[in-house]
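Here the chain labels run A, B, C, D and E in written order, and each chain numbers its own residues starting at 1.
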């Protein structure tokens, strides 16, 4: 019983190391899949225990440091996300990895994520955060050094800011574990309310919140700090990206929730509220809103499949941040619900991209086309994923987006509501661009003999697609879990229905009526005359005959009009800003090296003399 | 349990028949009114029905693959689904679940189904048409979003039926300034959703010979005609419900008279909305797609955002 | 059931390298079966929605007029050559008749000159109305198009009374005109029609020419500067839109034009809007000319040159010689070059339609870099008539 | 699938009253199409509408003379149209070459290449003549004799033989491949 | 009336002709009537003559008209150019041998760019090959069945060709000289 949490956290790492050492083709896949399945099994088994007792607690003392781990409802949900999507990603990796190097670091990052979700004190939280970052960095390093460097730099920035924040907290509060920090800050807030001077001053709180925001913002891919995500997500083994973007970005989101848990009341007292939302939460929400729009629009303009889905996952994380930022109980539940659904359909999408890249070996849109006939299973999965991500009623994407809309708009936030609505349309836009360029239209001759998905990938995709559909038709399943976090019944309604007072959504009813609608259309269709299949070249081209040598599909630059309409805004790019800063720092270092540390001894002697002189004058 | 099921099924069938018939009449009205503006006689009012029967009765049809057919069926299915949610006087079925955001999404999803079918035909003209349709959708979403937000915040509920009920007592929603602004923005958006003149960029016959529709032959085009009819009916009904006060008549004794009266009032309001769209459509040339996007992101967005902010205060 | 893979397999067997031409662009055939082009095809190499390269592909309406004309007596050729440019078929008739008159040395009587000028101006007005209808259908203002076609019908009715046919009049023959003006009532009807069309012009301004969206659609599209226009042989309204005041009626006056006063509108932007506005002003000028002609009234006298040889037309011989004559049509400078070697059939007839310059190199140059939505607008602003190119 | 003979009169009436015209003005008669569609002669009273997409249209007006190059496009557009389709030829040029009887580039007899339902007289027939032709086609549809598309389907070999005799074997690929060298390489301007 | 002031008007044209002739001795020119001049230039000097015209602001090239003279065994090319400033039309006549291999001319595309289209037209119908015009092989108006028969030449027997190609015309054997419409 005691080391159950330890098993959940460390099995992936251990199996990873074993797989790395053994390095036998068939065996290491089996071990790694086992390594991902065991924590999932334990988590499912832990669900019963959680119904009886509020949480499972465990602590170890190593060399004077006391590491505590706690599994309660919120961390159980996030752990389950990591478990399910991690398992699917590992299954996917079974068919796309080429050497054992990737197994080691993929499972290491999985351990890191488990550690973060189950950690109960800041030190273990930070350690596992570093393990996760290191694991994912090594995965990217293997494929593309420059992308991994950019990712490494920003993660280091995040890690240092988090370390600094933990240091300040430790100095002020004196303890590291979450419960004591929460109590002391809660009392501090009460003391503030009563008027006596508080433990932490105003700009202390500002500093801590800023640092935590940067730390978690980097990982979640918030707007100003999102530049690493497109390169990191696309320059690595694609089925690992399913875990990378589906699960690891949830760590950033979990961090935001940690801010709420630890510092929530204190910040709310310190900075007050705008309308219903806490002021500090509104910052997160607004940045999340901008992330939706920026991520979505950039996704529509990409020419590379992986980049498109990288930007799209940034944009979806933006939804979650908006949910968290608004701060009402319903909106946080909606945000977590969207975290679950995002993990599901984004994991599914990256597995689909992995299949395409594995089978065709191409990643640019202009080299692909007409794969729907050749890869029917993958296309069926893509169809489910598209319906889910674009937010079409019967699937989970719509349930979580609907909850999010209602929560945000109910909190009287017109600007945020507008941003979210714009985001939902962008989902349509870049998905159809992807489907058109890859699945429909004229097939280049070299793609003519592509086979369908390998078995493990198919199973992985099957799991995620099934969950997408099940949680879509029966949103109540997830709602009951979410209500457990806050204890009270926020989302009422049966297993098929979400009822939040001012809005009701019934997944089952919509599916039934959609099916009847399609059946009616089908009846009209089949009453008509027989249908003759026609090749691609037998088409309307102003009456002219056309052969396969002509390029009949708009694969490249599909959204040129959008690019021209946004030409003014596209000039501002944070990616180039960071590159310029990087170059500026390099030049500064260059000048320093030339003039100050130029290596001849006389110069150093002179520096010594001057410093001594200053000290003497200063009369030290 | 069974009898209530059959009752619902029958009511649903009646609503569907009524909606399709009135939708075709609306299409006929559009063609006649435009013809009269052009100083010509114009076709009989039942012309769209004849067109659909002719299209459905074609003896040979072509297909470009499974998705080419399924996209069209999906579009009609989604429109029928959307129709069931919008309160039609007092006889709508899924009225309790008629949620603002759900209906707005369902009215856009047929566009997705048609895009899927058109693109799978692999015709460059269809590709160009879908590119324009998607950008129109993207452009339209911003003012539409703010209009829905304004409505939701003003009435503090998302259920269309409750909004209709609130309007019965407190008067039409366009009498209040924030919702008037939202209604103006929504009406410009409707111009694009009907595919009328300044924004019929998706199916510009002169430029890209009917865009996505270029590859749709006999029965596919017939199904799309039915979908267009129901969509016309659903969109005007939705607009007249949320902005022009819908109609819940309880004056008469028998319920049949009540429903007939409310349908009548609704019909008048729907016709008003339709005629506005026709008149605007008859006298304006066509935008190009980036001009339309810039236009939608400038004026209707400002109007709708102002409405939303005023409603939030 | 021909699926794509069979197509590819069969293409591979006969060794075709089937990778689409180059992956960055795709091909659109703005082909003959398209609402914007009347049986004239443009092959567009597109990237996104912009045209990368355009190739004009004429030749769908080629009937070999120049060869057929060598097998028909002089007067039958009028019935053949007028089919070159359909919207204004009086222009080819007039240039052919003027060229033959010049070779023979005939002096066309006053009344015939008046009638020829009136018929030419009526053809120009009806052709401009036809162009307004074309432009508004391409822009999307179907209302203005319908009205323009309706007003053109009034002129068609007048042509019917005068020449017996709506579109192909076969009316101006070498040596004058075929029939006299039916009656004075016809002149009053012509005056009323000119008044009516003049009163309706503001409608077109509100709907098309002063419309905010038309400005957005046509301004800065298909821009041509003066040097390019002159070197590319551009004539007519397209040339006057780039600032060159060249109008054949002023530069090389023929028939009654020296006595009529009308100004030649000139703009210098050279874009689609400038070309459209030039045509709009010229429509006004043509109506003003018709009014002057009607005030002047047809001079009395014969409507044909009195020459005994006209009695037996198949034997009618034209002395050897050649002549070039050209007329200002709505599309541009419409010229004809006739060579005769003394027999009863022309030796060589060459028709120079203005669209042979506008429709090929100028169009290909203007389309590069334009959006797909601008292609019909540019086509309509150049107003080229495909049979001119193919003859 | 289902046997619709019972509803055949309704379908015939619907086909009669909503003929959609392919907007392809092949010859000089194309100039009489706009007056027909607009205010004065208004064909929309009979439910007729010009339609740029051949997949949807069923009446194909061959307006005047036909050159071999246009005939290739006409045959391709004709085959794109779904089945109950009707062809109406304007003037004497499709019949026997009309004014261009001796021209090397005008088709002398259109009926050898695609089946024609109704031919109207007049060298560029007047709008009234075209409307009379359309009434004739409507009557033929009504009593079911407008079966040119059946004729085309039944003796397709004969039509194909004539077409190949005029254009040569495999003319579609040759025509399509005619432009590839010019689209392929970038010659210096 | 048209050529009333015959004397006064053609003086201006005569001045233009003399100005050009003194710079181009190899050519002869004459004034046909007011606003119509004519030059005859040997085939190989055509490019310098046209550059000379272009410099004396004869801007608009209207047409290149080939006329086939089978009994002289020559094709006469007439470059018709209109000058907007002088308001006169000039016809530059050159004669080249008629046989297909020998009917070759240098292109004038760089002087008057529009000439490229006229040259393609002349090549399609008369078989005159213009070196330097890279669009010569580009399909122009004629279909590929009539590609090398150059129909507008006088020796092309059209009626025979039509009878062979369309196979149905029966009014061929009539004598065409004296038929009455």
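Things worth noting here:
As a convention for this text, a residue touches a chain if its C-beta (ideal position, glycine included) is under 8 Å from a C-beta of that chain, and two chains touch if they have at least 3 such contacts.
Quick caveat: nothing in here was measured; it's all calculated off a predicted structure.
Steps from subunit C to subunit E, minimised over paths through touching chains, total 1. Path length between subunit B and subunit D in the chain contact graph, taken as the least number of steps between touching chains: 1.
Using CA-based centroids throughout, the chain positioned farthest away from subunit D is A. On a Cα centroid basis, the chain most remote from subunit B in this structure is E. Among the chains present, the centre nearest to the common Cα mean is that of B.
The interface with the greater number of C-beta contacts, when A-B is set against A-D, is A-B.
Averaging Cα coordinates per chain places subunit A and subunit C 63 Å apart.
Centroid to centroid, with C-alpha atoms defining each point, subunit D and subunit E lie 38 Å apart.
Centre to centre, using the average C-alpha position, subunit C and subunit D are separated by 26 Å.
Among all residues of subunit D, those that touch two or more other chains are 24, 38-39, 52-55, 67, 69, 73, 77, 83, 102-105, 179-180, 182.
Within subunit A, residues 370, 373, 442, 527, 529-530, 533-534, 536, 538, 540-544, 546-547, 549-550, 552-554, 558-559, 561 each touch two or more of the remaining chains.
Across the assembly, subunit C contributes 21-22, 26-28, 31-35, 46, 49, 55, 57, 59, 62, 64, 67, 71, 146-147, 150, 371 as residues in contact with two or more other chains. Per the contact rule defined earlier, chains pair up in contact as A-B, A-C, A-D, B-C, B-D, C-D, C-E, D-E.
In the complex of the two chains, the subunit D residues touching subunit E come out as 67-69, 97, 101-105, 107-109, 112, 165-168, 174, 178-179, 182, 187-188. For subunit A in complex with subunit C, the touching residues are 366-367, 370, 373, 442-446, 448, 533-538, 540-544, 546-561, 563. On the side of subunit C, the complex with subunit A involves touching residues 1-9, 11-12, 16, 18-34, 37, 41, 46-50, 371. Against subunit C, in their complex, subunit E makes its touches with residues 2, 33, 35-36, 59-63, 65, 67-68, 78, 80, 82, 84, 87, 89, 91, 112-114, 116-118, 121, 125, 138-143, 151-152, 156, 158, 176, 178, 180-181.
By the touch rule above, subunit D contacts subunit A in their complex via residues 1-2, 24, 53-55, 72-74, 76-77, 80, 83, 172-173, 175-177, 180.
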